[in-house]
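The same chain A turns up in both complexes below, where it pairs with chain B and then with chain C.
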Partner chain A sequence: MSCNTSVTHLNVSSVDKAQQTPVHLMPCEIEHNGPAKVSQYFAATMKDHKHETTVSFRGRGLKGQELSCPQGYTGLVLKEVNKPGSDQEDRTVKVSSVFNKLTYWNLETPPNSDDTVVMAMDWPELAEAIHGPVEE
Partner chain B sequence: MDLSPFEANNSFSCRLASQIPDVCRTEDCCLGVDEAGRGPVLGPMVYGICFCPVSKKEELKDLKVADSKTLTEAEREDLFQKLDEAKSYVGWALQILSPNTISTSMLQRTKYNLNALSHDTAIGLIQYALDSGVQLKEVYVDTVGPADKYEDKLSQRFPGIKVTVRPKADSLFPIVSAASICAKVARDRVVKGWNFAEDLGDVDTEYGSGYPNDPKTKTWLLKYLDPVFGYPQFVRFSWSTAQTLMDSKAVTVHWEDDDEDGEKAAQRKNNRSMLSYFSASTEGNDHNATHQTHRFFTERRLKSLDAL
Partner chain C sequence: MAAKKKRAPNVQNDSWVVIAADSAIHTQKHDRDADFVKLRNPSTDAACLYMLGCGDAQLYEVKAFEEDFHSWFVGQTVQRDGRLVFVTPMDPLFLILPYFIKSGKEAKFQPVDQVVTDEEFPACSRLLSCTRSLASLQHIAEEKEAGSTKFHRYSEEKTMNWLKKKVERTVVALKRRNISVGEGVKSTTYVRVKSEPDSHEEDYLRYAHGLISEYISADLSRALLKHLELPELLSPKETEPPSKKRKLSDNPVEAGEDYTKFNSADFVRKPPKKMTAAQKTLAKVDKTGMKPMSSFFSPKVKAEKN
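Entry: the complex of A and B
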């Protein structure tokens, strides 16, 4: 871990201009950072069948579930405008899109309330209870 | 043969069947099982059964049904037409295993290989005939694997029915030839008119036979390779031809159940490789940190972020 003194700026003014886009959380690591034909290959082949949302990716069967962002929160997809040359320079990221819900996918297993990402959404409420201002 | 139930959703497997001839519910019947499209990297595999009263075997022979592989596409269509005209005593049923079903089965966490899938499909179709009231007495099956074990398996599964499993049964028994014609006609039609669920615009249909060694198929596979998604569902991802092309031309994808080893994989999985214990690194210091993350966070894979 590097101990640098650089600051990362988030350009919040871009939030209002940002578009809502569908977001998919995949149960695999794809060694790719860049555009992908999600709507043509993935969204186009999603199926709702017997109360189950299914799709396949690279020939593997996935089962999915829509998940809302915690109340009062908005999901942000960030994009770095210009990558700095060194880790001493400040960095700027802008909001490329926003989302209020996402679809997460499990490899073959049906989604359930014990899934990590579902449980992770408990934190904001708990954080509020622990760290929020105490009302007299 | 109405393929529309499959074509409406070609991601899943689908059963199509003729009317059951009345005579098949009252007279002792024979049934043939064969498959089409086992080898190709493209399109579905189709399992077919055909059945008729034992007393009508000679009439079936007179229709001159033969092994579908020795016939041209036009001849097969012609023979299927004849089988359809004989529907007062010949019935058929098909199970279309979509390429997506084949891919996801073979690549499942607990692998479901093509032989097991084939056997289960054949059993399912024979059971369908029984459930429909067909008085089955003889079953003839074509096989690519060892015939004896398969014959034992089917005989145990269907007591009271005489099961004969033979390699090249499609050229030995007319009822198996008839099944192979139904299966091959369906496979040809489905491949020809494949309805791509993906939004790919006009897709080049010059995909050849679909066999991995067909130059046309190879060219098509190179043309339609997407670096992220690999292929449309028309392609069997579990075929080594497709895997090899993706390994060399598409981005790498790691799954939680991958059998990966070595230094790099360990790093990626955040495990410590054995080798790391021999290198003079300071990363071990983290373990002595006074701050230990509560299990609430580790269970949810939540981490505090200090850098992007």
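Entry: the complex of A and C
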């Protein structure tokens, strides 16, 4: 049973030191967490055509699109610092990178407005309607 | 969908890709950190992850959008967990309301700090520090003042009116979104929908009701449907709003879905709760009508019971 009283602190000031980093949402699960030569073997194969961006990954052509973060929002990559041993203890995460736009890649379908990640970008506006203050 | 290949569980995850409201990170006081805390989800009654920022002045919802078979490249690293986590401002009253409903059964006026307490979720008292909390109690409770102390008693009538306003605000936002998408790829949807103005309006209402129902109990959701003068749908159909499906939210039905394996209350090992079964719902998306957004945003399990 996990502990409902433990808290995960977000070290907010770490955002000042965080670097802008390119982020790509890949259409496959990669069973790995850790370093990879992304710019050398992936980003280097990106091509901008008239209406689409393509890249080759493991011999497959991917079609991509850049998405900006919604207005008033910033992309953050949070990383845990000093992972504690038990889930009773409080934890801390810091902002390790920031981004204002991301690139998502589809395997076959050209990027379009029905893509999950595109629709997800509408969430802040709907959330504002749901959670904003109502008049008296 | 083809059977999933067996994957090694992702246990080493210590990194998350997040899109967060600027207010949560660009605070004037940088010494005031934000906290991810577990609180009782008003719809499921189970532990769920939220964030308190700006020195507890603002509550945030933590919601993960997820599709099967996705991973991130972040700079020169791979992050296996392909979820995109949104941190958006949330109305604390949604989390305070269940405590009032519970105490309302005693039908007495009580000080708010006696109402909003929870042994299981001690962080709930921090909700009362949110800027909007105390001032907005009048939307769900009657108020009496004795000396310098205020006493409150739950009012269903007030709550219904408040929730109705929430639905109306949401309808406006949905329409606004729709007009902008109507010019582009979804123009056929827009035109089709235009030709049936009556059902159109009801669709919006049901749809907004479904979104609001994510933040209230199943009982309250039903009562709100009545308050909105929307008939309950008798048979489950494709057009059914997400809220209807959620009626079963107390049953183990949803727990049978395979995404529950991610819904641990443990933020760090198996990252933030709240997630949509995006892949599944996307498969169900009816691209001929108004449904995509609601199918997309609504059916989700936020956290497991401990």
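Basically, the second predicted complex is superposed on the first by the 129 of 136 C-alpha atoms of A that agree within 3 Å, B and C clash if a C-alpha of one lies under 4 Å from a C-alpha of the other, contacts with A are read in each partner's own complex, and residues count from 1 in each chain.
Operating definition for what follows: contacts are C-beta pairs under 8 Å (C-beta built on N, C-alpha and C of every residue); 3 or more make two chains touch, one makes a residue touch a chain.
As the structure is a prediction and not an experimental result, all values here were calculated from the model.
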{"item": "Touched partner set for A:77, first chain B, second chain C, both or neither", "value": "second"}
{"item": "Partner chain in contact with A:123 - chain B first, chain C second, else both or neither", "value": "both"}
{"item": "Contacts of A:133 with chain B and chain C, given as first, second, both or neither", "value": "second"}
{"item": "Chain B versus chain C as contact partner of A:41, first or second or both or neither", "value": "first"}
{"item": "In the superposition, chain B vs chain C on chain A residues touched", "value": "C"}
{"item": "Chain B versus chain C as contact partner of A:15, first or second or both or neither", "value": "second"}
{"item": "Partner chain in contact with A:59 - chain B first, chain C second, else both or neither", "value": "first"}
{"item": "Which of chain B and chain C A:5 touches, first, second, both or neither", "value": "second"}
{"item": "Where chain A meets both chain C and chain B, residue numbers", "value": "1-2, 8, 27-32, 36-37, 39, 42, 78, 80, 91, 93, 116, 119-120, 122-123, 126"}
{"item": "Chain A contact footprint on chain B (complex, rising order)", "value": "9, 11-12, 100, 103-104, 106-109, 197-200, 226-230, 232-233, 236-238, 242, 246, 251-257, 268, 296, 299-302, 306-308"}
{"item": "Residues of chain A defined as touching chain C within the complex", "value": "1-2, 4-13, 15-16, 21-39, 42, 69-70, 72-80, 83, 87, 91, 93, 95-97, 102, 112-114, 116-117, 119-120, 122-135"}
{"item": "Contact set on chain A toward chain B in their complex", "value": "1-2, 8, 27-32, 36-37, 39-42, 44-45, 47, 49, 56-61, 78, 80, 91, 93, 107-108, 116, 119-120, 122-123, 126"}
{"item": "For the chain C and chain A complex, residues of the former touching the latter", "value": "7-8, 10, 12-27, 30-38, 47, 51, 53, 61, 63, 65, 67-82, 84, 86, 88-91, 94, 120-123, 132, 136, 139, 162, 165-166, 169-170, 172-174, 176-177, 181, 184-186, 211-212, 215, 264-269, 278-279, 282, 285, 287, 292-293, 296-297, 306"}
